[in-house]
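Letters are used for the chains, namely A, B, C, D, E, F, G and H, taken in the order the chains are written, and counting of residues starts over at 1 for each.
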Amino acid sequence: MGSDSDLPVMKSAAEILEHFEIPFELTVVSAHRTPERMFNFAKQADGRGIRVIIAGAGGAAHLPGMVASLSPLPVIGVPVKSSNSIDGWDSVLSILQMPNGVPVATVALNAAKNAGLLAVQILGTSDKNTLEKMKAYKLSLSEGVRFKYEKLEKTGYKEYVKD
Amino acid sequence: MGSDSDLPVMKSAAEILEHFEIPFELTVVSAHRTPERMFNFAKQADGRGIRVIIAGAGGAAHLPGMVASLSPLPVIGVPVKSSNSIDGWDSVLSILQMPNGVPVATVALNAAKNAGLLAVQILGTSDKNTLEKMKAYKLSLSEGVRFKYEKLEKTGYKEYVKD
Amino acid sequence: MGSDSDLPVMKSAAEILEHFEIPFELTVVSAHRTPERMFNFAKQADGRGIRVIIAGAGGAAHLPGMVASLSPLPVIGVPVKSSNSIDGWDSVLSILQMPNGVPVATVALNAAKNAGLLAVQILGTSDKNTLEKMKAYKLSLSEGVRFKYEKLEKTGYKEYVKD
Amino acid sequence: MGSDSDLPVMKSAAEILEHFEIPFELTVVSAHRTPERMFNFAKQADGRGIRVIIAGAGGAAHLPGMVASLSPLPVIGVPVKSSNSIDGWDSVLSILQMPNGVPVATVALNAAKNAGLLAVQILGTSDKNTLEKMKAYKLSLSEGVRFKYEKLEKTGYKEYVKD
Amino acid sequence: MGSDSDLPVMKSAAEILEHFEIPFELTVVSAHRTPERMFNFAKQADGRGIRVIIAGAGGAAHLPGMVASLSPLPVIGVPVKSSNSIDGWDSVLSILQMPNGVPVATVALNAAKNAGLLAVQILGTSDKNTLEKMKAYKLSLSEGVRFKYEKLEKTGYKEYVKD
Amino acid sequence: MGSDSDLPVMKSAAEILEHFEIPFELTVVSAHRTPERMFNFAKQADGRGIRVIIAGAGGAAHLPGMVASLSPLPVIGVPVKSSNSIDGWDSVLSILQMPNGVPVATVALNAAKNAGLLAVQILGTSDKNTLEKMKAYKLSLSEGVRFKYEKLEKTGYKEYVKD
Amino acid sequence: MGSDSDLPVMKSAAEILEHFEIPFELTVVSAHRTPERMFNFAKQADGRGIRVIIAGAGGAAHLPGMVASLSPLPVIGVPVKSSNSIDGWDSVLSILQMPNGVPVATVALNAAKNAGLLAVQILGTSDKNTLEKMKAYKLSLSEGVRFKYEKLEKTGYKEYVKD
Amino acid sequence: MGSDSDLPVMKSAAEILEHFEIPFELTVVSAHRTPERMFNFAKQADGRGIRVIIAGAGGAAHLPGMVASLSPLPVIGVPVKSSNSIDGWDSVLSILQMPNGVPVATVALNAAKNAGLLAVQILGTSDKNTLEKMKAYKLSLSEGVRFKYEKLEKTGYKEYVKD
C-alpha cells in the first residue's frame, strides 16, 4: 500500500489471505515518496516468487498502475478514500483508467477484502484446493444471508430492526 | 458480452488472446434478456475447464457481477460505453462497485484489450511460458515508444504532427 | 432487499403498505450472495400471486434489474446509499440505467417510502378503493403543509425556527 | 411529453403500447410553458379513465413530478437528453429525486421504450391477458439474443463484426 | 420555500430583507404536496403587489421553476441541500437548467443570503435609496475583510489561527 | 461577454432585448485578458445609467462574479459551454457558487435567451408596460405549444415525427 | 487567501516556507469583497520584489485567476473545500480551468502544503541552495516511509494498526 | 508527453516556448510503457541543466506525478482528453490530486499553451528579460481583445456573428 494510513482499509485483504492460508507480504511502498523502492519492489516481485500483487492507494493513486507497468504479474488495485480525496473519484479513476497495454484489476472503493478474494481466485485457477475453498466461501456467503432472512421472517421487520 | 453491439469493443480481447495463443470462447450472454443462459453459463464454467471469464457490458451492466456471484473463477469486467449511457459512468460503477464477497476485476472504459492482457497475466501465474510471453509483450510496448520518440527527436515535432 | 443492512431504509416501504392495508412479504434476497434464491424468488413471484415487487440495494445494485429480467411483474427499484458507496451514484445508476426491454421503476436515493406509495398507485390502477385511499393520502400531505404554514405565519419565522 | 422535440425519443413508448394493443393518448403538455394545461390534464386524468401516465422531459424536467403531485395515478418519468442538457444529469435528477410522498417511476435516460413496457407491466397486474403477452415479450427478447449468439458462434467474431 | 425543513437555510434571506428594510412575506408553498396553493400563490403574486419572488427547495426542486412559469415576476431560486439529496446536485440542476422562455435566477447551494441580496439589487434598479444602501453594504463587506487582514498582519498567522 | 467566441450563444440575449425594445450595449470584456477594462466597466456601470448587467463566459468563468463584486447592480451570469470545457461544469460552478455577499443570478448552460428574459423581468418590477409585455410573452409561449399539440393530435405522431 | 476561514488550510503553506527559510507575506485579499485591494496587490506584486504568489480560495474561487490576470508572476492556486462547497468541485474547476493565456498552477484540494513546496521548487530553479534543500526534503519523505515500513514489517500489521 | 497521440495538444507548449525563445526538448516518455526511461529522464533532468518540466498525459495520467516524485524541479502537468477518457475527469484528477509532499502544477484540460506560459513565468522569476516579455505578452492579450470589441461595437453583433 502507498501509505500506512491505508492500513485500516488494506488489512482486510490480509485477513482474507490468512483465512485462505495464502502466504503474503504486507508493506508500505509509496510511488511518490519512495519511487526507487517501488521500482525495485515491482521489478523483482516475479523473480522472488510472488504471483499476485495487491496495491492500494488514495488520491492521485499511481502505485497500482506503476507496479503494473513494471511487473508481468497481475496487479489488483484498491482505490482508498483518503482524507483530502474528492469523494474517492480521484483514486478510482487514477487506478481504473489505465492505458492499453497495462491493465490494473480494479476493485470497488475501499474494497480490500475483495482484492484479497480476487487474489485467491487467481491462484485458484491453477490450484484445485484453493478453488474448492473458494466454492466453500461462496456457500458460506449464501448461508450467512439465509441466517438473516430466516431470522427476519421469524421475528418480523419491526423486531429485527431494533437489534 | 451482454450484447452483440459490444463486439466492436470486445473483439480486442479476442485478438490479444489469439496473439498469446490462449484458447477461448466468445459469445453473447445477456444478464437481462437471457438470465437462464447466463445462470447456466456461469454455474458450469469452471466444470467445463474454463479458468478466467471476461465479461463486457454497458449501461446498468449486471453481467460481470452476476457471473462473479455464480462462479468461483476470477471474472474480469469491461465497462462498455453504450449509446444511451450517461458518459459511461453507469457502466463503470455497475461493474466496479461490487459488494464485499464478490469481486469483479474491472478494467478501464472500453478497455477490452486490457481485459485480454489481464487474463493472460492470470494464466501466467501458473505457466512459465505465458509469463515469459508477457515479459516480451511489455518489452514490445517499450520498443514501440522508442520508435516513436526516436522519430520525433529526428524529424522535430512540426514534421511529426503532419503525419 | 439485498442485505439486512438496507432494512433501516427499506422498512419505510413496509410501513406505507401497512398504512394502506396492502399485504406484503419482506425478506432478504441477495443477487450476489444468494443468486439461486433470487432466481427462484423472481421466477415464482407472479405464480404465487405477487403483483408488484419492490427491490432495494446499494453499491453495484443488481437485485432490482435481475429480478426485472426474470419476472413479468413491475419491479420498483430503491437505490440505497450504503457505507462504501460513491455518494450513492453507483446505486442510482446501477438500478436506473437498465437496457431496452427490461425496465425498473426507479425512485429517489433511499426513497423506500416512495417505493411503497408507487406500489399502492400501481395496485390502485385496478382497485377503486385503493385509488380513493391514495387521493386521501395526497390530501393529507397538503393538510400537513397547511398546518405548518399557518403556524409559521402566526408565530413568525424567528419563533418557528427555534422549535 | 414536455416538448415536441422530445417526440423522436418518446415515440418508442407509443410503439410499445401499439404492439401490446393498449389504447393511449400522446400529446404535448409543457409544465413551464402551459402550466394551466398541465394542471387540468393531470387533475382530470384519473376521472377520464386514464390508468397510467408516461411523462418525458429534458433539462430541469418538472413535468413528471408535477403531474405526479396532481394525480393519484402512477406516473412514469422519462429523462430526455435535450440539446443544452448537462450530459442528461439535469433531467435524470429532476425526475428521479422526488421528495417523500410523491414518487415518479423513473426509467433510464431516453428509455421511452422501457416506459412503455413498464406501463404494460402495471396494467398486467390486473389483466391476465396483458401479463401473458409480457411473458411472451420477454421470451422474444431471449430468442433475439439466441439468434445472435448462434450466428456469432457459427460465423466467428471476425466475420460477424463485418456485418 | 418548499418545506419548513428549509427554514434554517432560508431565514438568511429574511434577515437580509429586514436589514434593508424591505417588506416581505415568508411562507411554505410545496410544489409537490400543495400544487393548488402554489398555483394560486404564483398566479396572484404580481396582482397583490409582490415584485420579486424568492423560492428555495431541495432534491428534485420544482418550486422555483413552476412559480417562474406561472408569474411574470423575476424568480430567484435557492437550491437547498436536503437530507437525501445527492450532494446537492439534484437541487442545483433542477432549479438552474430551466428551458428557454422561463428563467430562474439561481444562486449558490444554500445561499439564501445571496437570494436576499439579489432581491434587494433588483429593487434597487428603480429605487435610488435601496441602491445606495447596497453600495454601503458592499463597502461594509470590504471593511469586514480589512478588519481581518489588519488583525492577521498584526498578530501573525500563528496567533490568529488559535482564535 | 468574456470572448467573441461566446457571441453565437450570447446574441440570443440581444435578440430578446430587441424584441422587448429595451436599449442595451453589447461588448467584449475579458476578466482575464482585460482586467482593467472590466474593472472600469463594472465600477462605472451604475453611474452611466445601466440598470442590469448580463455577463456570459466559459471555463473558469470569472467575469460575472467579478462584475458583481464591483457593481451594486444585479448581475445575470450565463455559463457558456466553451471548447475545452469539462462538459460545462467548470463554467456553471464558477458562476453559480459565489460566496455570501456577492450574488450572481445564474441561468442555465448557454441560456442567453433566458438571461435576456430575466433582465426584462427585473426591469418589469418598476415598469408596468414591460410587465405587461412579459405577460404577453408568456401567453405566446403557451400558444406556441398549443399549435404543436393540436397539430400532433390531428396528424398523429407518425406523421408529425417525419416533419 | 480569499478569507480568514481559509487560514487553517493555508497555514501549511506558511509552515513549509518557514521550513525552507523563504521570506513571505500572508494576508487576506478577497476578490469579491475587496476587489480594489486585490487589484492593487496583484498589480504591484512584482514591483515590490515578490517572485511567486500563492492564492487559496473556496467555492467560485476567482482570486487565483484574477491575480494571474493582473500579474506577470507565476500564481499557484489552492482550491479550498469551504462549507457550502459542492464537494470541492466548484473550487477546483474555478481555479484549474483558466482560459488560454492566463495559467494558474493548481494543486490538489486543500493542498496548501504542496503549494508551498511548489513555490520552493520555483525559487529553486535559480537558487542552488534551495534546490539542494528540496533534494534533502524529498530524501526525508522517503526516510519517513522507511521508518514506517520497517516498523510494520517488524511488528506485523495487527499490532501496527492498533497504534 | 506520455504518447505521440498527445502531440496535437502538446505542441502548443512548444510554440509558446519558441515564441519566448526558451530552449527546450520535446519527447515521448511513457510512465506505463517505458518506466525505466521515465525514471532515468526524471532523475537526470536537473543534473542536465533542465529547469522546468512540462508533462502531459491522458486517462490514468501518472507521468506528471511520477516525474515530480523523482525530480526536485517544478513539474507542470497537462491533463489531455484522450479517446477513451471519461470526459477528461480521469486525467484531471490523476494529475491534480497529488499527495502532500509531491506537488504537480496542474493546468486546465488540454491547456498545453498555458503550461508553456507557466514555464516562462517560472523562468521569469529569475530573469528580468523573460519577465518583461511576459508583461508584453499580457499586453498583447489585452490588445487582441480591444481589436475585437472595437470591431464588434462598430459593425454591430449581427454583422460580427456572420464572420
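The definition used in the following text is that a residue touches a chain if its C-beta (ideal position, glycine included) is under 8 Å from a C-beta of that chain, and two chains touch if they have at least 3 such contacts.
Owing to the predicted nature of the structure, the values given are computational and were not obtained by experimental measurement.
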Chain labels contacting chain A and also chain F: G, H
Interface with more contacting C-beta pairs, comparing A-C to A-H: A-H
Approximate Å spacing (C-alpha centroids) for the pair chain G, chain H: 19
Separation of mean Cα positions, chain E and chain D [Å, integer]: 35
Chain A and chain G, separation of their C-alpha mean positions in angstrom: 33
Chain F residues counted as touching two or more neighbouring chains: 3, 33, 59-60, 69, 84, 86-87, 89, 92, 96-99, 101-102, 108-109, 111, 141
Pairs of chains in contact (touch as defined earlier), listed by label: A-B, A-C, A-G, A-H, B-C, B-D, B-H, C-D, C-E, D-E, D-F, E-F, E-G, F-G, F-H, G-H
Chain A partner contacts - residues on chain B that touch it in the complex: 46, 51-52, 69, 72-74, 76, 92, 96-109, 111, 113-115, 117-118, 121-127, 131, 134-135, 137-138, 141
Complex contact set, residues of chain D against chain F: 3-4, 7-8, 11, 14, 26-30, 33-34, 36-37, 59-60, 84, 86-87
Residues of chain G that touch chain F when the two form their complex: 2-3, 31-33, 35, 39, 58-60, 62, 65-66, 68-70, 82, 84-86, 89-90, 93-99, 101-102
Chain E-facing residues of chain C, complex: 87-89, 92, 108-111, 141-142, 144-146, 148-149, 152-153, 157-158, 160-161
